[in-house]
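Each of the next two complexes has chain A plus one more chain, namely chain B in the first and chain C in the second.
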Partner chain A sequence: MNIVKREMKANAKALIFWCIGVLVMVGAGMGKYAGMNGNGDTINELMSEMPASLQAIMGTASFDLSTAIGFYGLLYVYLIVMATIHAVMLGSNMIAKEERDKTAEFLLVKPISRSTVISMKMVSALVQLLVFNLVTLVSSIIIVERYAGVDETTGTIYLLMIGMFLLQVLFLIMGTAIAVFSNNATKASAVATAILLLLFILSILINLSGNPDLLKYVTPFKYFEAESIINHHQLEPFYVSLTGILIIALTTISYIYYQKKDLNL
Partner chain B sequence: MNVIEINHLTKVYGKSRGISDVSFQVKEGEIFGFIGPNGAGKSTTIRLLLSLIYPTSGNATIFGKDVVKYASEIKKEIGYLPSEVFYYDNMKVKDLLKYSASFYKKDCTKRIKELAEIMELDLTKKIDDLSLGNKKKVGIVQGLLHEPKLIILDEPTSGLDPLMQQRFFDLLEKENQKGATILFSSHILSEVQRLCDRVAIIKEGKIVQVEKIRTLKENNYKKFKLETISELDFNYFKVDGVNQLKIVGKTVSFIFKGNINTITEKIANIEIANLWVEEPDLEEIFMHFYQREE
Partner chain C sequence: MNMFLQELKAYQKPTIIWSISIVAIVILFMALFPAFSRDADEFMKVLEGFPEELTRAIGLTFETLTNVLGYFSYAFLYIKLCGAVQAMNLGLSIVSKETRNKTAEFLFTKPVTRTQVLTSKLLAAVTSLLFTNLLFLFSVIVTVEIVKTADYSRQGLWMIAASLFFLQLIFLGLGMFTAVFIPRVKSVISVSLGLVFAFFIVGMISSSTDDEGLRYLTPFNYVNDYYIIEHLNYEMQYIGIGLAIICLTVILSFVIYRKKDIHSV
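This part shows the complex of A and B:
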């Protein structure tokens, strides 16, 4: 438990800033909606007049932007990007920093196995992801309900946040795996973030081409899209399972490889 | 009983560095010196023992247990001081030591206080603000606070001032008397000579020699350099024990091993303008080992 505590302490400040960031994002984003509220139909008209490619890039797709939840769906993409960047950096950093700062020579000569080290760090990271997610959830519910009036949106927001949490965990473990396999601890975080951005860009390209085919399985950003969650009131079971399988697979190989890894000191 | 047993340990890295076929044993209660120039493979060997890296072939045991298989069990009784100490910057010394202690199922509070007092370490400072020497002290306290049975030190004296070095050596000797075995790696021969019972000499990843320190001490190496008033016959210093004799004009230099009186007598019989007598560095002694091998 000592490692969990240490990790929480080390990351507390960063987590607070991320939470403030996401609060601002939800608050300011929905504030825009308030600004346009009342002439909702004009937004939809405005959006539909934009070229399809621009719509795809902005992720407006088929949201009804005159409703609060529709507008929130537009915002959701950006919340996902924030949450996953936070997760992937957390995941890669918690492993890479011990080699980068050479503290591995401190930590890994203690009477604990490397698996325990990863597990403890993972527990701490999951708590942090949960905090990030809950802050987003609570602020979203409060702010969206203010505009939506009725609480019919709350269920949808829960679903959206579950989707977000699955992606957070997926990217956390993806970051961990990248750091475990990386021989250059200083670059691990950058590589992990770069891969995340590539996957995000890929998801936009898929939106642009309108022809998703096999690529949609490649980028997790296509797994839980606001559009389908809002319209169908459910997470697609296929993608839930796929995410679960990916998480288990990446976790397993990370544990196995870290156990055998020569540390770069 | 052997506390450390290293059998044909080999580590091949992508590049040329690494170690090959290293074997030696450290007995219980011994202070064992591990000496060699920088980059010879001392740290690599130690990291293999601590399973921070894994061997390409060969194996090693500590307390009779395989270092890879029983890594976390063995480490309960190991205290390690790395050559360069790096700690979590934003922590206070006290917090770091507490964190370190939390991994051992012992109450180390008293011991931390004792050690900090001996080493004159301020526990309330932030690690980030410490000088290199003070960071090293943190490392020393951190390595000894759980009263380990095996203490592994990698270049422990770098950054310590002579007074602290003295205290540190006293501390090690006390631990040794209490029963701790010590593996002491260094590139400075004199400190190993002072402290250790036996020594393994490593060069370019291979063990050159394992010998009793008494033997090394008998082989008292001194580096002489002198300036003569008049030019000297080249053969004047060609006596037993003189190695690497060089005469350039009026400057004579050589390494001497043996009874120091024979050489001072020789020097007394000629007129000299200046004289330097120094500890030879390891490289120069290794030259001697190499010559002997050939």
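This part shows the complex of A and C:
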């Protein structure tokens, strides 16, 4: 329990900054929506005829930008990017920082097992992800409803946020796994974020090429896309289970490997 | 001179990795151009079925977007993102790494002034960026020449591609400036990613909503690629702001760094 408290305290400031960031993002983003007048149906019709690669480059996808939720869908991509960067850095830092700051010895000579250490750190990280997610959720609901007026958007926002939370957890664990496997503590978060950037750019390339093929399973950024969630009102069960499996697999590997890890003290 | 060479050597590996990644992104994006160009042609035929006033409104932007130059500008957005992270990392590292690696005492007991130290470091960083940019320019010119379907303005391409260096200098300055303020940068990548992505997202919001006010806030939008394609010219007021930021951040960093409390243990 002490570890959880300690971790929360160490990350409190960063978390507050991130929350302010996401608040500004939702507020400013949706504020822009208010300034935009509806494009009208003809443009929407035209847009929907557009091949996927062109939509990607025009930056619209098949969102109905004249509705608040459609515009929110546009923002969602960036919310996801923010949330996952936060998560992956949290995950890799919580493991790597003990070695980097030379506190590993202090921590690991305490009468607790390494798996307890990891579990406690994980609990604290999950709480932080939850806080991040709830701040996004509440601010989104309040702000989007101000523009939408219709209640049915709230359900969609819940779904979008569940998708975001799954990705957050996935990237948290991914960061942890990378840090556990990396021999160089200072490089761990750099590697983790490099992989994240790579996956993000890959998802853009997939949008651009129009035919996703196998690659869409490789990048989690394609798992929960605002477009399909808004249009079909559900998360795709296949991707939910895929994410679940990945999370479980990576967690297990991290636990097992961390037990035996050679630490640079 | 020794310091300069030492720094160059220290950043050799990351610089090479960044350069290769950026070149890889260029190649990946440009490899998709032929398919994209086919899609665009097909859509042009669809466009003919729509009312004329509508196609005229959308057609103009459309033609800019779908030729090789417009397509490159789209890819360039993500190259800028990577380039900005690289430059920000460099800026943060050159100032903060002596403290982090506990080499400050070793360095600052040498008979050199802090100004000399920072100048060598800055020059080494600029050299690294130059190297990346040369490789980048070369790869762009070759790939664009290979995939082009029609003639394009070579001057426009040069002007867009060259703006990467300008953007990187801004972020290098911002990185240095940030690092002289924070007493101890524990992890370079967390700070740089957070800041770069904040600017990037503001940039995306600003360009997807055509907000002129927000444009001043984010270096990503100081050079507008589509403006270059149309006018073959930079927007001078933004270039001015960029240059002012570079000068101010660098000068202020020097002033503050000379008096900064540097932890030696």
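One rule holds for everything that comes next: the second predicted complex is superposed on the first by the 243 of 265 C-alpha atoms of A that agree within 3 Å, B and C clash if a C-alpha of one lies under 4 Å from a C-alpha of the other, contacts with A are read in each partner's own complex, and residues count from 1 in each chain.
The rule is simple: a contact is a pair of C-beta atoms (placed from the backbone, for glycine too) under 8 Å apart; a residue touches a chain by one contact, two chains touch by 3 or more.
Keep in mind it's a predicted model, so treat the numbers as computed, not measured.
Asks: With the two structures laid over each other on chain A, which partner does A:Ala10 touch: chain B (first), chain C (second), both, or neither?
Replies: first
Asks: First (chain B), second (chain C), both or neither: which does A:Lys260 touch?
Replies: A:Lys260 contacts chain B only, not chain C.
Asks: Tell me the contact category for A:Ala104 with respect to chain B and chain C: first, second, both or neither.
Replies: Only chain B; A:Ala104 stays clear of chain C.
Asks: With the two complexes superposed on chain A, say which partner A:Ile112 touches: chain B (first), chain C (second), both, or neither.
Replies: Touch partner of A:Ile112: chain B, not chain C.
Asks: Would you sort A:Ile247 into first (chain B), second (chain C), both or neither based on which partner it touches?
Replies: In the superposition, A:Ile247 contacts neither chain B nor chain C.
Asks: In this superposed model, does chain C or chain B come into contact with more residues of chain A?
Replies: C
Asks: After superposition on the shared chain, which partner residues are touched by A:Leu130: those of chain B (first), chain C (second), both, or neither?
Replies: Touch partners of A:Leu130: none, neither chain B nor chain C.
Asks: Regarding the shared-chain residue A:Thr193, is it in contact with chain B (first), chain C (second), both, or neither?
Replies: second
Asks: According to the stated criteria, A:Asn2 is in contact with first (chain B), second (chain C), both, or neither; which is it?
Replies: first
Asks: Using the superposition on chain A as set up above, list the residues of chain A that contact both chain B and chain C.
Replies: Touching chain B in the first complex and chain C in the second, residues 101 of chain A appear in both lists.
Asks: Which positions of chain C touch chain A when the two form their complex?
Replies: Listed in rising order, the residues of chain C that touch chain A are 25, 28-29, 32, 35-36, 39-40, 42-43, 46-47, 50-51, 54, 58, 65-66, 70-71, 74, 78, 81-82, 85, 186-190, 193-194, 197-198, 201-202, 204-205, 208-209, 211.
Asks: Which residues of chain A touch chain C in their complex?
Replies: Those in contact with chain C are residues 14, 17, 21, 25, 28-29, 32, 35-36, 42-43, 46, 49-51, 53-54, 57-59, 74, 78, 81-82, 85, 89, 93, 97, 100-101, 186, 189-190, 193, 197, 201, 204-205, 208-210.
Asks: If you look only at chain A, which of its residues touch chain B in the complex?
Replies: Touch residues, chain A against chain B: 2, 6, 10, 101-106, 108-113, 116, 260, 262-263, 265.
Asks: If you look only at chain B, which of its residues touch chain A in the complex?
Replies: 47, 50, 52-54, 71-76, 78, 80, 82, 84, 86-90, 99-100, 102-104, 142
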